[in-house]
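Remarks on the structure that follows.
By letter and in written order, the chains are A, B, C and D; residue numbering begins at 1 in each of them.
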Amino acid sequence: MKNNLFTYTLRIADDSLILGQRLSEWCGHGPVIEEDIALTNIALDLIGQATSLLEYAAKVEGKGRTADDLAFLRFENEYLNAQLIEQKNGDFGVTIVRQWIFDTFRLSFYEALQHSSDSQLAAIAEKSLKETKYHWKHSSEWMIRLGDGTEESHLRVNEALISLWKFSDELFFMDEVDKELIAAGIAIDLETLRPAFNERINYVLNEATLEVPDSTWKLNGGRLGRHTEHFGHLIAEMQYMQRAYPNMEW
Amino acid sequence: MKELDLVALQEAFDRKLKNEIRIEPKDWMPDAYRKTLIRQISQHAHSEIVGMLPEGNWITRAPNLRRKAVLLAKVQDEAGHGQYLYSAMETLGFSREQSIDDLHSGKAKYSSIFNYPTLTWADMGAVGWLVDGAAIMNQVPLCRTSYGPYARAMVRVCKEESFHQRQGYEIMCTLMKGTEAQKAMAQDALNRFWWPSLMMFGPSDAESTHTQQSIDWKIKRHTNDELRQMFVNASVPQAELIGLTIPDPDLKWNEARGEYDFGAIDWEEFKQVVSGNGPCNAERIAARVKAKENGMWVREAAMAHAEKKKIKKAS
Amino acid sequence: MKELDLVALQEAFDRKLKNEIRIEPKDWMPDAYRKTLIRQISQHAHSEIVGMLPEGNWITRAPNLRRKAVLLAKVQDEAGHGQYLYSAMETLGFSREQSIDDLHSGKAKYSSIFNYPTLTWADMGAVGWLVDGAAIMNQVPLCRTSYGPYARAMVRVCKEESFHQRQGYEIMCTLMKGTEAQKAMAQDALNRFWWPSLMMFGPSDAESTHTQQSIDWKIKRHTNDELRQMFVNASVPQAELIGLTIPDPDLKWNEARGEYDFGAIDWEEFKQVVSGNGPCNAERIAARVKAKENGMWVREAAMAHAEKKKIKKAS
Amino acid sequence: MKNNLFTYTLRIADDSLILGQRLSEWCGHGPVIEEDIALTNIALDLIGQATSLLEYAAKVEGKGRTADDLAFLRFENEYLNAQLIEQKNGDFGVTIVRQWIFDTFRLSFYEALQHSSDSQLAAIAEKSLKETKYHWKHSSEWMIRLGDGTEESHLRVNEALISLWKFSDELFFMDEVDKELIAAGIAIDLETLRPAFNERINYVLNEATLEVPDSTWKLNGGRLGRHTEHFGHLIAEMQYMQRAYPNMEW
C-alpha cells in the first residue's frame, strides 16, 4: 500500500511539476502582459502544488529522498505525468487547450480528492482546488474567446484541440495502483469523474463554437513512465543544475 | 489660451512643486515636463518588460523547487510593474501601444543592463542583488517624485524590489557558503555584472543632459553620480561580508570623504550598449517583437469576441 | 498498340522473369508491375527519410564522441539510401517531388516503426539492432528483385544496413555489460521495440493483399510471415546471448519445427499506427512538411541562381 | 607552456565540437536531402576533428581526463569556442553564413597550422585542411546561390550576414596564451591570416552580390569562456547523458 500511495502521489505531483515547467517557458513571451502574469501565476501555483505533493511522496517513500531529489533526479521513465502535460507549448492556442483539458480534469479530481481518507492528500487537494478553479476559469474563458473570436483563432484553437484530444483519455487511466487505494478511500475512482468532466467540456466547447473531436486511438503510457519524444529534452533542461552540480545547496 | 492664463497656470504648477504637492493627471503641466515624464516612465516600464527575459532564461533551469517558485514570482512581479508603469504613463495621454512600438523600433530605450546575458545560475543572484539594488537606489527617491501616478506606482514597485534584492543577495550568500564551484560561479557573476550595474545610473553628471531640469521639476531627487556613489557605498560591504571581491583594483575606502573611491567606468562600452551594440540588444528586441507578432491573432480574437458579446448583450 | 504486340511483350517480360534476367527502365513492363514497384520503392525511400527523425533526435544527446560520430554517419547513410531509392523510383517515370507530396498528404506510407518515439539512448541500440535487422531481413532478398535499378540500390543499402545492425547490437551489448541503470535501459528499449519490429514485416500472409502477385513478379522473394519467422529465429538467440528477455511470454523453441513459436501480434495496434494514429505519426509528417516549407526559399534561390548562371554562360 | 598548449588546443577543439553539435540539430530537417547529407557530413568531420584535438588536449594536460571528459564534463565557462560557433542555427541562411565565416577562417588557419612545430597539431591540421576545403567550397557556393538567387534569398542571407558579422572578429582573438606559443612556432599569429581571410571573404561576397557589413562594436569573450545565452541550453542537452549517468561506458 505504501508503494502504491507513493506512486499515486507522484502521478499527481508530476502533472503539476511538468506543466509548471512547460508554462515557465512562456515567461516574457506571452501575447499580452496580462497573460505573462496569468501564465506565470498558474506556473507558480503548479510548482507549489508539486512541492507539497513531492514532499509528501518523499515522506511516504521513507528512503530519505527529498522533494527536490524527486523533482530533479529521476530518470526519464520514472516521471509519471500524463503525456498531455508534457506536450510542447506550441502557439498560445495549443497552450490554452492543453491547460483547459487538464484544468477541467483537475477540477473534478480535486473536488473528489479533498474528501480522501488520506488527510495529507485531502488537505493538498482542498488548497489546490481553489487555485484550480481560477485556472479553469482562465483557460475556459480563453477557449471561448479563441473559439468564438476570429476565423483564424477558431481554426487555430480547433486544430490544437484535434491534436491534443487524443491525450485526454489518459487522464482517466487507472491500474493496480489505484485499485487498492480506492478501496481504502484514499484514491479516486476516476470513472466517477467522467460525467462532470464531460459536462464541463461540452459546456465550454459549446460556448466556444467548437466540438469534441472524433475519438480515435487513445494514447497512454505516461502513468507508467512511458513518454513522448519531447519529454527527454524537457528533462535535460530541467535537471541541468542538479546533474551538473550534484549534492549542493542552492 | 491667453498669455496671462499660461503664466497663472505655470505659477500654480511651480507653487505645487515648491510645496511638495503632487501633480495629478488632470492638472495643467508644462509640455516639457509631460514629455520628460512620458520618456522616463515608458523607459522604466520597458525595462521591467525586457527585464523579464534574462531572468526568464533561467526559470526552466532553476536548481530546486523553491528557487524556481521564487524566480517565477519575481518575473511575475516584473510583468506587474510593467503593467502599472504603462498605466501611469497612459495618464499622461500616451498609449501603451505607441510606447511599445517605440521600444520595438529602437526609438525608446530601456535599461542597458538587460543587454547583458545571464550565463549561470549565479547571475540570478547577481541580477537580484545588484540590478534590483541599483534600481531601488534610483527608485526610492521616485516614491516622492512630483507626478502623482508615477509616485504611487513607485511605492509599490520599490516594496517588491527590495524583496527581490534581498532574495538575490541570499542566492549569493548561499553560493558563497557552498562548494568551490559555487563560489567561483558567484564571483564570476559579480565580475560580469559589477560594471554594467554602475552604468545603470546613466552618464556622469558632467555628461548628463536631463538631470538638472528633472531635479528642478522634482522628477529626480539626486544626480546620477550621487546615486552611483550611494550604490557603491551600500554594495561594497555586502560583497565583503560574504567573501566576494569587487572587480575594481581602484576601489578603496576614502577616509576623508567617508565614501568609497572607485575606478573609471568604460563609457565607450556604455555608449555602445545603449546604442544597440551590446551582447543581447538585438535578441532582446527580437524576442519582444516576436511575442507581439505571435500574439497578434490572440489579441484580435479577444477583441472580436468582446465585440460579439457586446452586440449580443445589446440585442 | 496492337493486341498481338502486347502479348509478345508480356511473353518477353515473363521470359525474363523466369530466367532471372533483370527488367531495366527502358524495357516494357506491365502497368501493374510498374505501379507496384513505384509504391514499394517510394515507401521504402520515405522510410529512410522519415527514419532519420527518431535517430536524429538523439545525436545531440549521444553519450560520447564516438557514439555521436557513429550515429551521425548512420543518419547520413539513411539520407543517402533515400536518395538512391528516389532515383531508382524515378527510373519508373514517377517524380521525387510527387512522391514526397504523397508522403506529406498521407497518401504514401512509410514503415510504421518510425511512428514510435525514441525515448532513451538505448533506443539507438534497439533501433539499429531490431529495426535495421528487420529491414535487412526484408531487403537482402530484394538484392535479387526483378527490377534492375531497385536491385542494385538494395545491394548498397543492405551492405550499409548490416553495418548499422551490428552497431546497434553493439550498443545493446555495451549497455548489458554496464550498470543496473544501463541494463534496465536496454531491456526497456527492447520491450518497447520488439512488437513494433515484428509488425515491420506487414500483415500476416492471410491478410496480405499484395504478396502473391509480388512473388510471382519476383519483386518479393518471401512472404511476410516467412520473413517475420526468420527475424524471430535470428533475434531471440542474440537477445539471450547478452541477457535480454524478449517481452513475449508465449515465445518458445519448437523442437519439431526447428523454429521459435511466438505470441500473437496486436494487429489492432498495427492498423491504428499504419492509419495515422501511432504515437508519432502526426509529428513525423509535420517535421517533414516543415522541412519542406522552410526549405522552399532555399530551393527557389538555387534554381534562380542556376538559371542566371546558364544565361550568363550562353551570352 | 603546457597550460598554454592545453588552452590553445581546447580553443581549436571547441570550435569544432560546438559547431558539430549545432549542425547535428539539422539532421532530418534540411531543405533538400542533399543538404541533409552535406550538413551531416560536415558535422561528422567536425566531431572527428574535435575528437583528435580533445585527445591531444587531454594528453597535454596529463591529469587523466579523456577526450570525452573534456567534451562532456566541463562547466559552461570552461568551453573556449568563439561565440560565433554557438549561435543558433536559425534558418538555412543563418547556418550557411555562420559556417562560411568559420570555414573561411579555418581554411587560412589550418593552412598555417599544418606547419606548426608541434607535430601533433600539424598532423591534425593537415588532415582537417582537406575537409575544410570541401566545407568552404560548400558554404561559399551556398553564399553565392543565396546572395545571387532570388530577392528573398538575398534579403535573408544579407540579414544573417549582418547579424553574425559582429562575431567574426573574435576568430582573430589572441592573448597571453598565444604569445608564448607563437614564439615557439607552435601557434599561429592570427593577424598574419587577415589578408587571406579578407580576400576570400571579399571574393565570395562579391560573387554573391553582398557586402561586408559596417563594422560595429566587436563582441568577444568566448575564448575566455564567456558565452552567449544560447550556450547554456546547448550544453544542457549535450551533456545530459554523461551528467545523468556518470562514470559509465557507452
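By our rule, contacts are C-beta pairs under 8 Å (C-beta built on N, C-alpha and C of every residue); 3 or more make two chains touch, one makes a residue touch a chain.
Per UniProt, the chains are A, D = Phenylacetate-CoA oxygenase, PaaI subunit; B, C = Phenylacetate-CoA oxygenase, PaaG subunit.
In this text, all values refer to a predicted model and were calculated from it rather than measured experimentally.
**Q** Taking contacts as defined above, which has more of them, A-B or B-D?
**A** By the number of C-beta pairs in contact, the winner is A-B.
**Q** Can you work out the whole-Å distance between the CA centroids of subunit C and subunit D?
**A** That pair's centroid distance is 35 Å.
**Q** How many angstrom between the C-alpha centroids of subunit D and subunit A?
**A** 42
**Q** Counting only residues that touch at least two other chains, what does the list for subunit C look like?
**A** In subunit C, the residues touching two or more other chains are 61, 181.
**Q** Indicate the residues of subunit A shared as contacts by at least two other chains.
**A** Each of 75, 232, 236-237, 240 in subunit A touches at least two other chains.
**Q** On the basis of the stated criterion, which chains touch which? Give every pair.
**A** Chains touch in the following pairs: A-B, A-C, A-D, B-D, C-D.
**Q** What does subunit D use to touch subunit B in their complex?
**A** 75-77, 163, 166, 216-217, 219, 226-229, 231-232, 236
**Q** If you look only at subunit B, which of its residues touch subunit D in the complex?
**A** 54, 57, 61, 117-120, 181, 188, 192, 272, 277, 279-280, 282-283
**Q** Please name which positions on subunit A make contact with subunit D in the complex.
**A** 75, 232-233, 235-237, 239-240, 243-244
**Q** For subunit D, which residues are in contact with subunit C within the complex?
**A** 20-21, 24-25, 27-37, 40-41, 43-44, 47-48, 50-51, 54, 67-68, 71-72, 91-93, 144-146, 148-150, 152-153, 156, 237-238, 240-242, 245, 248-250
**Q** Report the residues of subunit C in contact with subunit D in the complex, numbered from low to high.
**A** Its residues touching subunit D are 49, 52-53, 55-56, 59-69, 72-73, 75-76, 79-80, 82-83, 86, 121, 171, 174-175, 177-179, 181-182, 287, 290-291, 294-302, 304-305, 308.
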